[in-house]
Amino acid sequence: MSETLKRIGILTGGGDCPGLNAVIRAVAKAAIGDQRQVIGIEDGYLGLIENRFRVLEYLDVSGILTRGGTILGSCNKANPSHYAVPDGQGHWTIRDVRDQVVEHYQQAGLDALVVIGGDGTMSGAAGLVQRGLNIVGMPKTIDNDLWGTEITFGHDTAVATAADALDKVHTTASSHHRVMVVELMGRYAGWLALHAGVASGADVILLPEIDFDISKVADKCLDRSRGGRGFTIIAAGEGAKPAGSGQFVDRVVENSPDPIRLGGVAKHVADRIEKLTDLDSRAIVLGHVQRGGTPTAYDRVLATSFGYHAFELLMSGRFGRVVVQQAGEITSVPIAEVADKVRTIPRDYPLISAARKTGTSFGD
Amino acid sequence: MSETLKRIGILTGGGDCPGLNAVIRAVAKAAIGDQRQVIGIEDGYLGLIENRFRVLEYLDVSGILTRGGTILGSCNKANPSHYAVPDGQGHWTIRDVRDQVVEHYQQAGLDALVVIGGDGTMSGAAGLVQRGLNIVGMPKTIDNDLWGTEITFGHDTAVATAADALDKVHTTASSHHRVMVVELMGRYAGWLALHAGVASGADVILLPEIDFDISKVADKCLDRSRGGRGFTIIAAGEGAKPAGSGQFVDRVVENSPDPIRLGGVAKHVADRIEKLTDLDSRAIVLGHVQRGGTPTAYDRVLATSFGYHAFELLMSGRFGRVVVQQAGEITSVPIAEVADKVRTIPRDYPLISAARKTGTSFGD
Amino acid sequence: MSETLKRIGILTGGGDCPGLNAVIRAVAKAAIGDQRQVIGIEDGYLGLIENRFRVLEYLDVSGILTRGGTILGSCNKANPSHYAVPDGQGHWTIRDVRDQVVEHYQQAGLDALVVIGGDGTMSGAAGLVQRGLNIVGMPKTIDNDLWGTEITFGHDTAVATAADALDKVHTTASSHHRVMVVELMGRYAGWLALHAGVASGADVILLPEIDFDISKVADKCLDRSRGGRGFTIIAAGEGAKPAGSGQFVDRVVENSPDPIRLGGVAKHVADRIEKLTDLDSRAIVLGHVQRGGTPTAYDRVLATSFGYHAFELLMSGRFGRVVVQQAGEITSVPIAEVADKVRTIPRDYPLISAARKTGTSFGD
Amino acid sequence: MSETLKRIGILTGGGDCPGLNAVIRAVAKAAIGDQRQVIGIEDGYLGLIENRFRVLEYLDVSGILTRGGTILGSCNKANPSHYAVPDGQGHWTIRDVRDQVVEHYQQAGLDALVVIGGDGTMSGAAGLVQRGLNIVGMPKTIDNDLWGTEITFGHDTAVATAADALDKVHTTASSHHRVMVVELMGRYAGWLALHAGVASGADVILLPEIDFDISKVADKCLDRSRGGRGFTIIAAGEGAKPAGSGQFVDRVVENSPDPIRLGGVAKHVADRIEKLTDLDSRAIVLGHVQRGGTPTAYDRVLATSFGYHAFELLMSGRFGRVVVQQAGEITSVPIAEVADKVRTIPRDYPLISAARKTGTSFGD
């Protein structure tokens, strides 16, 4: 099978994530060392749609292991199955441009494609697999919420960045006896807030998976204030919301008596705590800093392992699959199985119990 | 003179700042090693007003060199010369409580006081010097804007934290061809934004000292976008504002045709850029993270030097002075000279010229 | 069962390891929160033998999550089953002091003991389990070579430190076209060298598990030198040795035609490479720096999870077991199963294949 | 004057140093922005001698601000005034190859040269100034021992790396009640050991400038052991030596009753302490790790300032000078004034007094 793989394309889609370059390097070095040609596709699916390809030589991928970002560029929105085409008069039409993509793929002489991205990108990949393209997928999300895999590269780096911010805020909080609410990424799943919160010993962790009762959070702050440790650190996933407030619809909580916006939970909580407790409270939104930077050693190893596994899938002709880790082993599952699905934290997740037992409240 | 100094008090006022513990340690170790007793005063002037003192032993200050925050606690608002006293019915009366402070000082048998803080704290210290207290001041501000000294401890750590955030945002910006505006601390002076911006190679730096022209900032972003490097990093001091927008009064720009709030410059600039250029633009407010964390090696050395110099001033009976660095040497000036004054960046500061020549715009 | 557990002892044995304090904190906070008393035993088994115990209160274990080292102290050598007792005349007698330990354990009213340590400490624990003590073991090794568990806390931090050193050496090597050999910890197993080497993109990785042929290593250096990248980074586990050189006996290779000492591989390799290739070569021995420092976020989470699991084992009366991770899940196995055993890297380990495919040689 | 400067050469000589790329970037961006051409010379003076030049474009120097090492390569030994030429039969002849260098300089159409390096490189530059080349020098040394300047870029990064290693060793030392001796760079001057030692709160600092009495060092270790803090951290500059042991000649102490080699002080001290005190003692040689890595924010700002000042000197035709910092200001002095000179720490340096007062011994 692998005899016929002369030319392999590679693209990165979705948000920035530490370790993208490490994956590109692993796939490209393995392929080039094996006498295959590697074609870099620029800006995710956009490059496939707009026919922007370039050959990646060995030196192009040397020295990129430790760099954040992606040398190929990325794009958040372009899904070939429903691509928004501007009509030049301020309107957009949604079109299926997969024929165009297949044509560019064939013109470029590509035999297979490695697609690195999140659930949206995998959804796009599933659509191209239907058109017969030979695709191997690679999960990418700092949120660690992709279905079918225990871990994704980039998450460990994001946790390290978030925990470092929480550690830093700790000193201010304790010097000033304040409540500090730090909002971390995670719309649907709270892995990042949970891991960073536990790593930094946060007093309260708010997760999308566990609706919080603001009065219980306030009580925790008051207890700590009275108990002599006059400060409280709260790590909040951006999708966390008060109990009884409905679901996030688009970016606002539906039917909420106390409406908050996605990405507004820190301010909401800090304001409420201050009103309920009279304690000085501040909100910090860490933002895009969590997506950037040099990957941790852990993520570089993981990304290299994932990249190598993708190459092995290519060589054995096992297309239409995405690389995952399950039960500590790197393996693969069909792309269609993971596309458009989210992995949230189970209520009985042992780390939640561990955190509760070591003094952390989840506001429930 | 120093024979009579049996008991030395020490307090930390104002916002959190890396290196506070290093100063406390240096003063206390030097004093204890010299057979003096050291009294830690809790929560800044509040502890003086409320009589909250405790003896600091050698072991209390061992191992704190590398820790952020202050083991003594701090307080932002309590100036003994005009202290806000609650009347229990929701109102506050401003009173001069210096008599009370002098009484507590004498009751505790203090012979001198080391006061570590920013311009507000120094203003309070000047008021106590007038009442005859033996005070040595120590400048503290991550903003580096205290009059009379070239550098203050904590600034280098804040610059390192801010530059690290800019570096991290760089990868996202370049992968997504975005404009990223990162708001850094600095209400009156832009030292932090300038130093972090230069350290990280920011494309645009906005300073309180140089009012910006948003159309020039937008042009810079467009130039970069067209020139193939489709991203722009903007480091903005929180006090930066558009030309012609008046002055910040309290926290809002006075008489502004285009009003912005202090601490809102990043959002303002990102919104305007997106409108003017159609480039994807994002705002990040780094916030309190800049105040926290382990001090850099540089700040630990500087704080130790400053602390030792404070001790020398005490021993030689040179009270009423504040430790500063001038022309690269550690020395001191009268507290009254520095209280309530701000040191801003001169227009002809060489680093601004260096930044311009190496590709950075200041939006003017 | 857990009703009877009123007092729980905890000790740390063997070499320093990041995350020890995080485990102590997790066990102690869980136990104290559950109305149990926690007794800290000083300096590992030495404290048990010499009866040095102290109560750990909640505040004693607050704020230690992020600190390296162990607040309890440790000791490398004291195994109660064969303890070296000085006779006061310069000689030592090996004695079984388990009766003494059991007596101290009973006198202190301990109901159970958490023993944190490496294979030697687990061997000591197995001996105490035979005497009826209620023990839960916790694996600890930066080398990650303990039998029965996929991962141990501390390893990730050591990998991060080692990879950072390799990254730093990279710049010197490339600026000066040198061969740099960096010796990393790992006597029997090369996990640390493998993970750090892959994370940093080392050109050659030498492992205890794969005897190297120095001429092949030299050829790799020459190839790189001729190919325009005139430098080579070699990550060497301290137990790596040339093919045909016998086994390490105590600390020297037995029957070796070319004898090297354990902990001398970097110098050996650098000298030989320089002779064989005429390339400028340097050896660096990273040493104890690998054992220290603030644990990574990953290790803090892992140590907290392990500590909580140990508490759960205590509460359910499942003594004589050691906490491990298998197939990605935290679970436990009998202490006797893991004592005195080492887990080495299998020859067909996927990461070795990944490293080979991405340009790394193993000298074989 | 500057009208005639059409083409500017730049080279980096001597050992690796963080900030070299930041200087190259600053000089090149300023020059290119000013319509000058910039020529990169490879591997220091070797490139001048062997005629290895290449044009540096704007994109060649983009993105290198944060990278360690030098994109131009460096060379330790090639001084054009006395260059060692191999005769092909294993011998070397020392020759003055300055005529050859002048020829290559003229052939390449260079109008001026920026030479970045340490005292040896400045000595070479002084020789080329004598032949009429237009040279601006830039001091470079992590040791911070160049005559005529208070600070050199790279030093702050090396201090940060060294202090981080001392911090890490701290945890092991305290957990195991050990004496840890960490050897840091600094043959002639102890700035690195002093700054890192103070930053990390080392208990003993050994400097080339202050010969130590091993029995006093041992007493300090015993005092700490008895006083309940059973560990001691010693930071030793590699040029430190026992009192009465003569001077280092080449790399060995001359006429020493107790001979030690340059770069052997840590092992020497650890062995002696262990014999004198029976305390468990270990030596760590940090080595080349100190030269590498991403420059600190401080060093990036300093290197950018220095680079810009070099450009200003070029533009104003002030050749034969080297950029320095004096009294906190960036300025310049004649190259001949600084060549072959070393700046050591004065005995009455305030930081030494500060360290003594805060508990550090210098072994004297």
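Chains: A, B, C and D, in written order; residue numbering restarts at 1 for each.
We adopt the following convention: contacts are C-beta pairs under 8 Å (C-beta built on N, C-alpha and C of every residue); 3 or more make two chains touch, one makes a residue touch a chain.
What you see is a predicted model, and the numbers here were worked out from it, not measured in a lab.
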Of all other chains, the one whose Cα centre sits farthest from chain D: A
Distance between chain centroids, defined by C-alpha means - chain A, chain B (Å): 35
Interchain centroid distance [CA atoms averaged], chain A/chain C, Å: 32
Chain centre separation in whole Å, for chain D relative to chain A (CA means): 42
Junction residues of chain B - those touching two or more other chains: 164, 167
In contact (per the touch rule at the top): chain pairs: A-B, A-C, B-D, C-D
Contacting residues of chain C [partner chain A, same complex]: 25-26, 29-30, 33-34, 62, 65-66, 150, 156, 159-160, 162-164, 167, 195-196, 198-201, 229, 296-298, 300-301, 304-305, 307-309, 311, 325-330, 350-351, 353-355, 357-359
Complex contacts: residues of chain D adjacent to chain C: 12, 15-16, 18, 20, 43, 67-70, 73-76, 161, 164-165, 167-172, 174-177, 180, 282, 284-289, 291-293
